[in-house]
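As written, the chain order gives the labels A, B and C, with residue 1 at the start of each chain.
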Amino acid sequence: MPQPNGVIDLQHLTKRYGRTLAVDDLSFTVLPGHVTGFLGPNGAGKSTTMRLVLGLDAPSSGAALVNGKRYASLPRPMHEVGALLDAGAMHGGRSAFNHLLCLARTNGIGPGRVSEMLERVGLAGVAQKHVGGFSLGMKQRLGIAAALLGDPGVLMFDEPVNGLDPDGVRWIRDLMRSLAAEGRTILLSSHLMSEMALTADHIVIVGRGKLIAEETVQELTTRYPSLEDAYLALTAGSLEYGASGS
Amino acid sequence: MSVLASEWLKIRSVRSSHLTVSISLGGILLGLGLAWMAVDMYDHATPAQKPGARLAELEEVVLMVPQLCMGVLGVLATTSEYATGFIRTSLTAVPKRWPVMAGKSVVVGVIALFTGSAVIFATYFVCRALIADRFGGLYQIPFTDKLPLLTALALTVPVFALLGVGLGSILRTASGSIVVLVGAVYVVPIIVGNLPQPWSDLLGSVMIGALPHEITRDTTTNTVYGSLLPPVAAAAVLVTYALLPLLAGTWLLCRRDV
Amino acid sequence: MRMAFSSEWLKLRSVASTYYALGSAALMMLFGVGWTIYVSSLAEERGSLRAAAPEEGFLPLVQISLATIGVLAITSEHATGMIRASLTAVPSRGTLLLAKAAVVGGVTFVAAHVVLLVTYVAARLIAGDRQLGFNSTGFSDDLPLLFASGVSVTVLALVGLGLGAVTRSTAAAIVSVVAMLFVLPGIATYLPQPWNSRVASLMLPNLVPQIAGDRLSSRLGDGLLSPGVAFVALISYALVALAVGFYFLWRRDA
């Protein structure tokens, strides 16, 4: 059997934090060549799932595999998987260039590639500025540059459009689609349905850690008037934080 | 008043406050352990050794624990707001800046005063009960004679806490502030102790550790520091340790962008 | 491992706190020179005197300053959340901690010895042939104490790194280092005899004179450990702290 390439594969993935069941027996597969939208209300377990895939948190049971292997067993992981988790997670006193270079060096990536990625996300002009002074949108761009450093086949983005201006939102959308068109696997989480409708081809919906739906956008829009209606109908039973009695 | 209530809630609701107060109170257990050990040692000594057996005042030994912990509480009360960016929210809620510092100082100071007093007095009474007439009657001096010194010792704890608040608001980072606090409290006295006379006594007299003995003109204990200051001057120096960094910090807070 | 090391080296070089810590340790040279000039002038008036050697007297300043480099190497990543990016780039937590330990150890070892040696040499040059008490012995006699002092700084920095991995908090880790450096030895001194010298012999800062075969202090007298055992004990502090730090980094979710 050939090595599965560019695939994220979750097998009965479960994560418990004390009494909270954050991810509950979640199984699905993300395939290359299109953008897979990862949707769910706040607290549904999207970020936790991504941390489990990256080996940052240990699953209570089940497994998350990338290209058929556990993430922690990848020798140079940045060349296979890129991820943007929390845009604010960087040392404010470091320059954008040095921040990226710190990450790049761990995987044998040179400074030329760092400059190239800063150029690509539109931060070349502020490469030597401290990231502490960056706006949230600029940090999102820097986080995306970090994910792209190793030219990986698998990319995961956790709510990348938060804090971006309309230009930035448009830019992300085009970037996601072009990355997918290059044959990469893209898992893009969001709780914004409208944005997802314009970007994703496949949709995975979770609620309270459980899989609710795994379908193409087309399938969903034939069954419901709009993607938003589909989302609201499917997640109605699993809102953790929402207005009551609506 | 609402500033006080809000600062109190802020401090009460974070884990580090509970931790620093708990560890401070752990100083009492440490005192208990030391006293228990001393008693055991004394009772197993030969009659010939007993008259020469010496012991330091244990409440002064354990005082280091609440001093350090409450200093850190003061540092974190300010630096954690900078670290999280919460300072902007605080200053939006209370646009005038000095009341925020004043409120913080009062809350931190009162917590430290209670904690420090609890540790000093509880340790003293534990030791008094356990040690009784051992060690040459070290703990048989009437309580009323010890009261001024014990009070002055307890007062150094809020001084440390306010020093922490002041340093925190000047330096705005936990690591820098704690290192400076520790430097001022542990490193400087070591260096001063090594100085040749007359500097060792002169500078030794203004170290925080020397002040309680000078304020109360205490003669019941030996001090490793100098003892040249009259009580009023020593009290003024103690207040200065707390207020000077606090005023500098408040001034900077009012002037700087946050 | 080499790649992780080069990344950690850049991380350390690219933040201001490293330079503050190095600068604050370097103050020892300034203080040492000032101190020696001052005691030299006293010696002119009084003939000879017994002053403390500056590289011993100001050692706590270097110890606490450089220990913060070890603490911040890990706690600043936890505070900012950068640790997640680091562990995504280097999934092996042992490798990450080892790379940090190597960089922190190397930098503090070199920095501490440079500061100590410069202070030592400058003090002897300024002192000339005046009798200041600390300058009567030759360099080869002083070498063990200088080396032990420098190693103690590196050990404290690694202890800081290990405790930082355990506590994930800058304040908690620095306070723990302070406790090991000042509070616990201070309390040990006041234990009733003979426990004071027994316990004090095991305290981290007291291992330095024991390695050099000196007494602990006038109050405590000689330590109980031979130089070799004291050296092993000093190294053990770093190894134990790093092992415990690794255990916590490895077992916990990032």
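What we mean here is this: contacts are C-beta pairs under 8 Å (C-beta built on N, C-alpha and C of every residue); 3 or more make two chains touch, one makes a residue touch a chain.
These numbers come from a predicted model, not from an experiment.
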Work out which chains are contact partners of both chain A and chain B.
-> C
By CA centroids, point me to the most central chain in this structure.
-> C
Taking each chain's centre as the mean of its CA atoms, chain A sits from chain B at a distance in Å of 49
Centroid spacing, where centroids are CA-atom means, of chain B and chain C in whole angstrom | 25
Between chain A and chain C, tell me the centre distance in angstrom, where each centre is the average of that chain's C-alpha atoms.
-> 43
Within chain A, the set of residues that touch 2 or more other chains is none
Contacts with two or more other chains occur in chain C at residues 17
Per the touch rule above, chain C residues touching chain A in the complex are 3-4, 6-7, 10-11, 14-17, 76-77, 80-82, 84-92, 253-254
List of chain B residues in touch with chain C within their complex | 16, 19, 30, 34, 37-38, 41-42, 53, 55-56, 58, 61-62, 64-65, 68-69, 72, 75-76, 83, 173-176, 178-179, 182-183, 186-187, 190-191, 194, 196
If you look only at chain C, which of its residues touch chain B in the complex?
-> 17, 20, 24, 31, 39, 42, 49, 51-52, 57-58, 60-61, 64-65, 68, 71-72, 79, 169-172, 174-175, 178-179, 181-183, 186-187, 190-193, 195
Going by the contact rule at the top, pick out the chain A residues touching chain C in the complex.
-> 51, 54-58, 71-74, 77-78, 81, 83, 85-86, 88-95, 98, 101-108, 146
